[in-house]
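After this come two complexes, each holding subunit A, first together with subunit B and then together with subunit C.
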Partner chain A sequence: METLLYIALFAPLVSSMFSALFTTTPKKTFVGVIASLLIFTSFVSSSLLLALIVVNGSAPVHVEMMTWMATGDLYIPFGFIVDEVSVTMMMVVTLVSTIVHIYSIGYMDHDKGFNRFFAWLSAFVFSMMVLVMSDNYAGLFIGWEGVGLCSWGLIGFWFHKESATWAANEAFIMNRIADLGMLIGIFLVYWNTGTLQYEGAFEAFQTLDTATLTWIGIFLFIGAMGKSAQFPLHTWLADAMEGPTPVSALIHAATMVTAGVYLVIRSNELYSLIPNVGLFIASLGAFVALFAASMALVNRDMKRIIAYSTLSQLGYMFAAAGLGAYWVALFHLMAHAFFKALLFLGAGNVMHAMHDELDPFKMGGLKKVMKWTWIMMTIASLALAGIFPFAGFFSKDTILEAAFAEHHFVIYGVLLFTAGLTAFYSFRLVALIFHGEERYKIFGIHPHEAYRFMLVAMSPLLILAMIAGVLQEPFFHMIEEILSAHEYHIHSHTTLWIMLVGTQVFVALAILYAYKKYANAFIKVPDGTSAIENSFAYKLLYNQYYIPYFYEEYLVKPYKEISDMFWNKVDMKIVDASVDGIAGIIYGTGEKTRAMQSGNLSTMLKWMVVGLVVLLSLAVVFGLAARYSDSITVILSGLGVM
Partner chain B sequence: MEIGLNHYLVLSTILFAIGLVGVMKRKNLLLLFFATEILLNSVNIAFAAISHYYGDLTGQMFAFFVIAIAASEVAVGLGLLIVWYKRHGNIDLETMTSMRG
Partner chain C sequence: MLSPINVSMESLNLMTLAPMLIPVVGALLILVIDIIKGGLHKSLYVVLSLLFLAMDFVAVADSSGVFMANGTTLGLFDVMLIDGLAILAQFIIVGASMLFIPLAMTHKRFHEFSYPEFFALFLFMIAGFQFMVATDNLILVFVGLETSSLALYTLIAMHNRDKSFEAAVKYFTMGALAAGFFSFGAMVFYALTGSVEINKIALVLAANGYADMGFVLIGVAFFLAAFGFKLSLIPFHTWAPDVYEGSSAAMAGYMSIVPKIAAFVVAMRFFEFLVHSGIVWLDVVLYIVVVITMTASNMWALVQTDVKRMLAYSSISHAGFVMAAILIGTTQANAALFLYWILFSFTNLGSFSMLWVSRQKHLPDYQSSDHSYNKFAGMIKTAPIASVIMALFMLSLAGLPPFALFWGKLYMISSAVTGGYTILALIMALNSAIAGYYYLKLIVYMFMKEPVQGNDGHVYVANATLALKTIIGIAAIGTIFAFVAINPILEFVTAFVYNSGY
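Presenting the complex of A and B:
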């Protein structure tokens, strides 16, 4: 069992190291193949571990590889745990990673950085595995920073593009801001419980007072907000779409951004003690769900629309986790990973076909040439919209039910409305890309379907997006061993049916409206002249509520000015000036005294005599001072010096 | 008037001063050697006088050492001096500036 754990954990590291050997050499397909195989090995090990966990009931595999830090009372090992929660995450991570690795062999086919791409991607998988498998907050933090680093490297993968490096830095810096909060949270955990092991910390939480727990909960959640791009740290996720599309599918949809949700689920014993913070998380989640969905309504960048939808779905997960429905959040995380990765990989196919064109208004009618991509993206969108019997129906409707059953009707209302928006913008995208007139012909593009093996690689996700719903019951029975899970039952059957059918009808109407509006022959590329494009609401949404603008004007620019000032005034005039001054004095002394070294023996002998006299005089002075020190002290104290 | 320790020490000091002035002022390498000999021997006088005053032979032994070292130093120095003279035709200190920094 331990061997399986280590294989699952370290196969991605080996893969990364191996690929890293070839980073400076031209493209070699076998690098991608071997990386994919190693990640697949990790997936197989994770599956075996899942089987073991299911068979053995609640007996987590817990290993302590080695001691990391042991000083005084502080003891942090490199410990790993595989229980129901982490094995779920491992399955999601390794499955989606395997698919994305295989897919990338085709997607990055013509890229010069092919080998480097696999090095980063596998390094990401390793970091993510550390994050989810660690048995303490310190290990989680290592993984947390590791995925942040790999995300930076992959967003900025095409580093010759100014926008890509900018987006990479933005993501990295925003995450650092949040990580400070997380670090404070971890310090508080250690300060108050004396341990960072989940087991010990959770036990100690039971005896702590609510105020302390609230602070810990808030600070840990700030970390989660950064990683999961919750408001107000959300802007990086949309900009992160500068990275290659497989990266968006793996990191910015399926795995890394859900790390925040994982943190909340993992710390469920903490958050169930502080329901107020939980309510705040749920409210923020509901707000972000609506907020992100509204921005997706008008955006004209295919990948950004999907990114906002990811943001919105993360809001759903937080809403569920905040309300104490941890297993629902985890289930939605899993289902979402499947259909959102599928959606992104489909978008990648479309991008390939359209020569990196991202504006869906310039596409249209692609279903004829890209039949499979069309089917996959439609099903993924149906799953995202929550149509029965696809994955989203089971996970998202359970969140709605949980909100309803917990009597948080405002949150329920917001989430229900967002479900309608989700359906609308998803099918707006599908309609614009695949239906209607073939607008791309104006731009002289000849689209083609992706490689067959890429489509085959995507098929497991397609199947899971369709049937993940049947996993709900087994998942619930597995997870209830560890999470305080209860099934949410609306007491009256009539209410339940009205809700289910009502939601379905609402969502279906939104889909039909999207088709009606965008799948017709009259759609043309917007040129900024139509009435709707000049309306205030459209501009507000299109400019993302002017939040990036606000950050740029009121945070980045003042910060830059302050930095400039500190650079010019403090650094140049004080720090550098004093260091240069000291060096200047020494240089100057050298220049001045150089004349002494005339090489003339006679002069040098004179200087030698001068030195002798000076030393002798000093010896005499100090000798006298030592002899008469008593009386000197008396005189000095009389003068008031000492 | 009895000749005492102080007289020797005064003599030694005067000789040391003469030697020091010589070291500083002489421009001829040979005379510079003379000046250093005066310096060394002024110290020898002081050593011998103080040694006799305390009835301790250590000082006189030091004086012998100084004499021996001074002799060898002069031997080496004169050797170098002769080489220099053969090369340059003079022993003027003003011309020896090859160590200029």
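Presenting the complex of A and C:
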């Protein structure tokens, strides 16, 4: 068992280091192949661990690899735990990353940084595995920072593009802000419980007062907000789409951004003690779900639309987790990872076909040339919209049921409405890309389907997006061991059926409307003249509620001004000047006294003699003083000195 | 009628002489070979010297085994004294010499190495150093000192440039004066105590309770001047920059290490008992000398325009830094001295070897001296590996973790703190900071400036041969991976120092 754990954990690291060896050399296909194989190894090990835990019902694997820090009362080991929650995450991470690795061999085919890409990508997988497998908050934080770093490296992968480096820095800095909250949370945990191990900390939480727990919960959640791009730290996620599309699929849809949800689920024993914070999380989640979905309605960038949908789905997860339905959140996390990664990879195919064109209005009618991609993206969108019997139906509907059963009708209403929006913008995208007129012809593009092996690599995701729903029951039975899970049943069958059917009809109508509006032959590339484009709502949504503008004008610029002031006034005039002054004095002394080294032999001999004479005179003085110390004392006392 | 002197061979304990005799035999052999057949290639002599040094090293290792089993050994009418200090110092002397001698295998021909006498003198010099450290008899110390010094003066002069002759003459003249100081000091103590053996001097002085303090201090003053010269303590240091500049870079690196460790051991033997008998005068004077040596040489190093002269001043500063151990006088401090010097020898020999590799026969216009800073401008662009290695040595000299000298500085400063010299420790730390400036200056030149026109980078490796590269490689590896060896070395050194009673 332990061997499996270590293989699962370290195979990605080996892969990363191996690929890193070739970062400066031209593209070598075998690097991608070997990296994929190693990640696949990790996936196999994770699957075996899952089998052991689920089928054999064995206890969680808990290992302590080595001591990391042990000073005084502080004891933090590199400890890893594989229980039902982490093994679920491991499965999601390794499965999606295996697929993305294989897919990238094709996607990055013509890229100069091919080898470097795999080094970063595998490093990300390793960090993510550390994050989910650690048995303490410190280890989690290492993984947390590790994924942040890799995300930075991958968003800015095409660092020669100004926008890419900007987006990478934005993501990194915004996450750092949130990480401060997270760190404070971790400090508070240690301060109040004396340990960072989940086990010990959770036990100690039971005896702490609510105020302390609330603070801990809030600060940890701030960390989660950054990583999962929750309002108001959400702007980086859409900009992160500057990275290569496989990165968006793996990091900014399926895995890293769900780390915040994972943190809340992992700390469920904390959050179940503070239902008020939970309610806040749920409300924020519901708000973000709606908020992000609204921005997706009008956007004209294929990847950004999917990014907003990710944001929106993360909102769903937080809503579920905040309401205490941790297992539902985790299940939606898993299902979402499958269909969202599929959607992104499909978008990657489209981008390749369209020579990196991102505006769906410039596409249209692609289903003729890209049949498989069309099928995959349609099914992924159906799953995202929550149409029976695809994955999203089971996970999303359960969230709605949970909200309803917990009598949070506002949250329920918001989420339900958002489900309609989700369906609309998803199929707006599908319709614009694959149906209608072949508008790309105007731009002289000749699209082509992706490599066959890329499509094959995507197929597991396609299957999972279709059938993941059947996993709901077994998943529930597995997870109830560890998460305080209860199935949400709406007491009246009639109500339940009305809700189910009603939701389905509502969503289906939204899809039909999207098709009707965007799959016809009259769609033109917008040129900013139509009435709707000039409406206030459109502008508001298109400019992301002017939040990036607000940040730029009211946070970034004043901050820069303050920084400039500190640099010019404080640093240059006070700090620098005093440091330079000291250096100047030392340097000047050196310049002045170097005359001692005249190179003249007589002078040099004189210096030696001077030294000796000084020593001798000191010796004589001291010797005399020692010899006549008695009489000196008498004289001095006579003078009244001693 | 005189009775015949009966001395049993066992009581002479001739084995104590073995380590010194090996290089002497080697030197004689080289001279004999030259008489029989002249004009042989230098590589033969290099290999022969290496061979004898290796045998010497084994002999020292053997005596260290004896020391660990039986403790301190005396020999040859109790003149020879093989204790932990002697053994440690000999390890450093012979080890550093083994690293030095392959540096003769340069790509370009240099005058000195074409003479077999160079190698013979070199081996005689090592024997002299070994005698110096393996005795507490002041007369034998003097003989060893003079043997080695006379050989060294000649070795410097053999570099055959005007500056080398100048350096040799200066060194010789000042050395003569220092020798005079030494014999005067020894005379004073002989007059006071009737002995020339340090341990007997200590016993007699302690027995009469340092009654003649004035005379003791006069003797100490002479000794301090003599050692001050050898250890280049200010104001007896003036020879150092000129001599370093005049000698070949390799020789300069060697001089910054080996003669000094020999002098340190003698100083340790002589000053420790005085420090421990609570002579305030010595404490104060040593304190002042240590602080001035560290600080002033650092300031002068700042304003140098030639890397070799900078390194010369930095060596003076390092010597002052280490001299603090003698002042502190605890076992920890003395062990730190040896640790420091072992690490320093790797780093400093490495950095001087890097200069040696880049030694030109003729200076281009833009260079004012052999190793002026602007010669190294933009080195990263033309010779990336060489500049990285050079930077590595500079960072180690500056004491940046995890490189070798960081650990030396760490233990030295920590021994100062445990010894109660907190302010001294602070001054040592501040000086390390100042030193960082001039080491980084070279790094700035190498990494951040544009190369001078017409410098294609060939110059940096003009002298490189496999032998030189090997030595630099060994030094670099020693510098980088020092952290794995620190604990074993420290345990070894501490055991030896402690068991010798220091």
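Here is the rule we go by: the second predicted complex is superposed on the first by the 581 of 642 C-alpha atoms of A that agree within 3 Å, B and C clash if a C-alpha of one lies under 4 Å from a C-alpha of the other, contacts with A are read in each partner's own complex, and residues count from 1 in each chain.
Please note the rule applied: contacts are C-beta pairs under 8 Å (C-beta built on N, C-alpha and C of every residue); 3 or more make two chains touch, one makes a residue touch a chain.
Keep in mind the model is a prediction, meaning the values are calculated, not measured.
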* Asked: Comparing subunit C with subunit B, which touches more residues belonging to subunit A?
  -> C
* Touching A:G599 in the superposition: subunit B (first), subunit C (second), both, neither? -> both
* A:T71 contacts which: subunit B (first), subunit C (second), both, neither? -> neither
* Asked: Regarding the shared-chain residue A:G590, is it in contact with subunit B (first), subunit C (second), both, or neither?
  -> second
* Asked: First (subunit B), second (subunit C), both or neither: which does A:G611 touch?
  -> second
* Asked: Which holds for A:S631: it touches subunit B only (first), subunit C only (second), both, or neither?
  -> neither
* Asked: Touching A:F622 in the superposition: subunit B (first), subunit C (second), both, neither?
  -> second
* Asked: Between subunit B (first) and subunit C (second), which does A:T529 come into contact with in this model arrangement: first, second, both, or neither?
  -> neither
* Structure fact -> Dual-contact residues of subunit A (subunit B, subunit C) 594, 596-597, 599, 601, 605, 609
* Of all residues in subunit C, those that touch subunit A in their complex -> 169-170, 173-174, 177-178, 181, 213-218, 220-222, 224-225, 228-229, 234-236, 238-239, 241-242, 280-281, 285, 296, 299-303, 434, 437
* Which positions of subunit A touch subunit C when the two form their complex? -> 583, 586-587, 589-591, 593-594, 596-597, 599, 601, 603-605, 607-612, 615-616, 618-620, 622-624, 626-627
* Structure fact -> Touching subunit B in the complex, subunit A uses residues 594, 596-602, 605-606, 609
* To do: Under the touch definition given earlier, write down the residues of subunit B that touch subunit A in their complex.
  => 20, 23-24, 26-27, 32, 93-94, 96-101
